[in-house]
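Presented below is the structure to which this report refers.
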Amino acid sequence: MTFNTNLRNIFLVVFTTLILSACSTAKKTGNVDGDVYTGKETVKYLASGVPDRVFFATNKSSLTTASRATLRKQATFLRKNKKLNVTIEGHADERGTREYNLALGERRANAAKDYLMTYGISGKRISTISYGKEKPVNPASSALAWSQNRRSVTVKVN
Amino acid sequence: MTKSLIYSVLFHSVMILLTVLTLPFMIRQPIDLPPIVSVELIQISDKTNIPFAPKARKIIEETKKKEDRVVSEQAPPAAKAKEKPDRIPLPNEKKEKKQIVKKKQNPEEIKPEIRQSSEFEKKEIVDTNQIAALIDKAKEEEAVKQKKTNKLTQSSVKNSFATGLSLSEEDALRAQIFGCWSVPLGLPYDKNLLVRIKLKLKKDGSIMKSEILDHERMNKPGQNFYRVLAESALRAVRICQPLKVPPTGYDKWKEIQLNFNPSEMLKG
Amino acid sequence: MKKIFKILTLYHLIFINPVLALIEVDITRGNLDPLPIAVSPLHVDIKSQEHEGLKVKELGTSISEIIEKNFKGTGLFNPLKKEAFVQKPDIAHIKPRFEDWRLIKAQALVTGKLLVKDEKLKVEFRLWDLTASKEITALAFTTTPSNWRRVAHIISDKIYERLTGENGYFDTRIIYVAESGPKNQRIKKLAIMDQDGAKTKYLTLGTELVLTPRFNPTNQMVTYLSYFRNMPRVYLLDIETGMQEVVGNFPGMTFAPRFSPDGKKIIMSFAEDGNSDIYTMDLETRVVERITNHSSIDTSPSFSPDGKFIVFNSDRSGLQQIYVMRSDGSNVKRITFGSGIYGTPVWSPRGDLIAFTKVRKGRFYIGVMRIDGTGERLLTENFYQEAPSWSPNGRVLVFYRETKSGKKGEGFSAKLWSIDITGYNERRLETKTDASDPSWSSLLSK
């Protein structure tokens, strides 16, 4: 009898310990990997399972593996809906000069467009526009907000 | 009873261990104290107040040292202490010292006339005094300072020889004018902007007459900045009246020239 | 004989020398105190007539207040309080009692008088040097009464010029983007105001996004970026008529526009397939010329005042740096090599300096450097600030700052600031709303 209660107590203590230590390590994994946002918070969907946006590192317009995967899903979606046209919006975070951010947004939009085109989507169906830092999705001044704002968003036009 | 106590202590320590392991370590940064800069305050007026012309001064200098060398061999160190440069003398003391120095020099005026008859001989005197100076360190420092005229600015050297404006008196005048001169910030950092003003002063330090040397430049076209600088200098000098002049020796400082050079201020 | 000769030479050495030398004292330092100046209210002539919309009796005081405010803003002059003034304006203007004015520690005095008659405003002013007890400048103007503010600014310019040797910058305007609304849904309009914050006028409605307006040196036209119909393009706007037209017929986004010093060309960036290069367009012939041809981002171009060179921002080295090239695009030279990134280069109207924004370790700086990139001086540091624009005399920079915002964007504001190129006198400019992207006009009276 005592042995069972002891065992139960031991399990209780170990269990609570694990829960407590798990809480303290949540920051480590997080939603930002190497400066690129990897979370799902601001993401909308063109269709079920097709995220509408990809994210970038500071000052960069290169696509991550995750971004390419997302864009491939978008390409598949666009191939299925042949009459659909889109605009890709390029955005930058607020931590840069305004004019350069306009150019950077343009580069990011085109990086996504070029990738879609390599998957057979006609360039005529895709237009691009840059908003620089003018339309942040997260207005906070934090590293998380900035990573969520560095994005290329695919928007349905028709 | 004891068994459960042991188990309790064991699991508590395990818990504590786990908590400690998951907490971020707090690294203590060493406190950075800035290094202490030692500042030595010296009163240099007694060293710079040399009322005689250069050549004669050197001679008097050497003979003074020669005399002191003799003195130091016999006299106790107390005599030396008075000449130590690090001590800041009280105003009374300073006056006394000046008088003492003067007293010493007066009787010596006769001696150099006998000793020195040619350049060659003067050199000899210098050489022997070099050795003498090695014995008496305090004296040597003073001699070195006098010989190295490049330590003092050219104009102040001229002053100390010619007029009786000691370096500290000159500094007082300079500091006074620093306070009155509002440097026009808009001036370009142009090495050519130097305004020289010649002043004729009254005994109380007020200005009788002021004259800008190169005043033709004032009216030349494109010399805006020169004119602005000259006007600021004139304003400074007028506001500063009466100027801080020495109480005696009017003949020596009744005419002075102030060179206003803003380049240091404008570099910023 | 030898003895006498020796005594004589010694006597000469000791006593003759002092008489020949003249004391020279080097004055190499002064204070940076502003010049105390008394600006007396202008005397209003009793023959003055009423004028609609104007309080003519108070005009003398109003003009002197504008002059005082201008002077105070420079950090170079310290206008003294009126309560201390010793003479009435009409008498002071004819014969000031210099000793009395000097008692209140003034070194300069401004007096004047005005007359409003037959729909005209006549203003006369005098500048006195109190330490020399004489008048040093006197001028008179005639204009329409509604222009009274400009008269105050022109008087300020004349006095500033006389006392500093530099051209003034008071009779100027600043164009900027007036902002309002929540941070992620800002409403932006083009606004123009006098440099002292008066006479604010809005030039667009706020229905579309507008950015980076810049003045034409002749001040009739403005160029800016507009997202009209969701197509970001460079536009021209005539301030007098309100007419807008798109610049050129580019198949993609054009942005970052400026005028050439002669006002005849627009220089800007054009983005094609994601790459931004610099182009110019002649406003008369409509001929478009490509200036840079590089796979990197080339933007924020600015002409030198002689029109022979262009300074611009490029990331061809990997990060944003500043480059200078000839106006035909040849001879591109990088001029910034410090750590951090450099952006928004602007050439001073005096031709001697380039102002820029620098970002280093998460802090934003406004700075100036010589045109070869040497002598970099950072004037101010902040959480976020950028886009300096030069006053027409090349001595003051206006720029804008944004504040940090909270989780929901609260606490966010954007304001215009200015600073002297010596790094002194940093101050905030008054605007009716939040403001960004300022651009300073040239002197209106030239």
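A, B and C are the chain letters, set down in written order, and residue numbers restart from 1 in every chain.
Everything below uses one rule, namely that a contact is a pair of C-beta atoms (placed from the backbone, for glycine too) under 8 Å apart; a residue touches a chain by one contact, two chains touch by 3 or more.
Everything quoted here is computed from the prediction, not taken from an experiment.
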Query raised in the report: B-C versus A-B: which has more C-beta pairs touching?
Result: B-C
Query - Chain whose Cα centroid lies nearest the overall Cα centroid - result: C
Query raised in the report: Hey, how far is the Cα centre of chain A from the one of chain C, in Å?
Result: 43
Query raised in the report: Once you find the CA centre of chain A and the CA centre of chain B, what distance in Å lies between them?
Result: 67
Query raised in the report: In whole angstrom, what separates the CA-based centres of chain B and chain C?
Result: 41
Report task. Over in the complex, which chain C residues touch chain A? Could you list them? Result -> 182-184, 186, 209, 211-212, 225, 230-232, 253, 255-256, 269, 271, 273-276, 297, 299-300, 313, 315, 319-320, 341, 343-344, 357, 359, 362, 383-384, 386-387, 402, 404-409, 412, 437
Query raised in the report: Inside the complex, what are the residues of chain C that reach chain B?
Result: 2-3, 6-7, 10, 13-15, 17-18, 20-35, 75-76, 107, 129, 131-132, 163-166, 395, 420, 422-424
Query - chain C-touching residues of chain A, taken from the complex the two chains share - result: 59, 61, 94-100, 102-104, 106-107, 109-111, 113-114, 128-130, 134-142
Report summary line: Residue set of chain A touching chain B in the complex reads 6, 9-10, 13, 17, 20-21, 24-25
Query raised in the report: chain A touches which residues of chain B in the complex?
Result: 4, 7, 11, 14-15, 18-19, 21-23
